[in-house]
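As structure tokens, here come the structures.
Heads up, the next two complexes both have subunit A, just with different partners, subunit B and then subunit C.
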Partner chain A sequence: MPSARINNRIRRLRFDHDEMTQEELASRVGCTRQTIIALEQGKYVPSIELAFKIARAFAVTLEEVFQYEE
Partner chain B sequence: MSFKSFKLLRLVVVVILGILVTWAAANGNPWIPIPAVIAATIILLLFRRGVKEVIVDERTFSIAYKASRVAFVIFGVGAVTIGTTLLALGKAGQPDLKPIGFTLSYSICALVLIYSIAYSYYNRKFGGKE
Partner chain C sequence: MAPMQKRAWWGLAIGIVFAVALLLLFIIKGDVTTFNEDPGYRITVAILWVGTLVAYLVVMKLTLRKSEQVDERDRLILDRATSVQLWALIVTLVAWTLALTEVYWDTGCIPVIFLYLIFISIQIIYVIAQSLGIIIGYWRMNIDA
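Moving on to the complex of A and B:
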């Protein structure tokens, strides 16, 4: 089975949004700061619900935040 | 209340509870530990309600799920191995080990039963066939 990976641009998007802090993003999407850190490091893949919340927090589409690579 | 303050208060409550239970055990007083544990639980729940930050999220649940699976497998394999060994030793002339072997064997049976019931419940809840 080929390995797949989900990358994200959360760190880039945070900086593009007035250097939004991890704490602020976490509070906007309703998760812990540790989860944002894990997402940015690529150590955790979010649920679809959290992915949508993050995309909405940056006012972009899901695929502008998350990229699926096979 | 911030999560940091909550953690500090939680530590204080746990320390006080530990002192109370130890004191009660040392003095042979059986009436203090149970109300103390109940009171501490209620106090911690009230404190937790006051925390504005998110303490638990999907990542925490994911970690807890994986940790439970590992704990389940380790305990299962360990209890079966040690339990059967103790039962065998019990039959081979060390009868004191038999009750421990039975306790371990029955506890793993109970754990598997509870797991099966919980699995069946969540399977139905999340759309599995009945």
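Moving on to the complex of A and C:
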């Protein structure tokens, strides 16, 4: 079975949004800063709910934040 | 370090200190017979036990004050740690049951001190297994993905 990977552009989007801090994003989406760090490093894949919250925090679609690679 | 991770390290420290303190007490004060005959010994064990329980509860409360400090990633790790904790408790109880049955089969009765020891060991395993489960969970999550 081929391995799949979910990449994200959270770090890029933060910088595009007035250099939003990890703490600020975490507080907007209701998670801890450590989770944002883990997401940016690709060490954690968020739930659908958190993924939508992150996309909404940047006012973009889900696929502009997360990319699924097979 | 995530608040949950910090709490786990505190839990591990308390669990280990309690286990070592209890072990030292039993080495210094004596065996099953002394426990039955010396009320001071029993009271010391009880104070140590209750004191550790209170310290654990206070530390748990102080390290995680708000529900916002825990998110879905922490809850995922906690769920896995709870399953580790449950298995550790079952294994401990099975070990106690088999060992005590074999040792005291002929006499047909088990000294009261083992009631203390079973519950104390359950408390120690409960705290240490959960803490280790959380610490390993964060560590693995950092390595895996």
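To be clear about the criterion, the second predicted complex is superposed on the first by the 70 of 70 C-alpha atoms of A that agree within 3 Å, B and C clash if a C-alpha of one lies under 4 Å from a C-alpha of the other, contacts with A are read in each partner's own complex, and residues count from 1 in each chain.
To be clear about the criterion, contacts are C-beta pairs under 8 Å (C-beta built on N, C-alpha and C of every residue); 3 or more make two chains touch, one makes a residue touch a chain.
Fair warning: this is a prediction, and the values are worked out from it, not measured in the lab.
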Simultaneous placement of subunit C and subunit B on subunit A, clash or fit: clash
Partner chain(s) touched by A:Pro46 [first = subunit B, second = subunit C, both, neither]: both
Which superposed partner A:Gln34 touches (first subunit B, second subunit C, both, neither): both
Footprint overlap on subunit A, where subunit B in one structure and subunit C in the other make contact: 30-32, 34-35, 38, 44, 46-47, 49-50
For the subunit B and subunit A complex, residues of the former touching the latter: 53-60, 62
Interfacial residue positions of subunit C with respect to subunit A in the complex: 1-3, 5, 68-74, 141-142, 144-145
Residue numbers on subunit A that touch subunit B, as the complex places them: 26-27, 30-32, 34-35, 38, 44, 46-47, 49-50
Residues of subunit A that touch subunit C when the two form their complex: 30-32, 34-35, 38, 42-47, 49-50
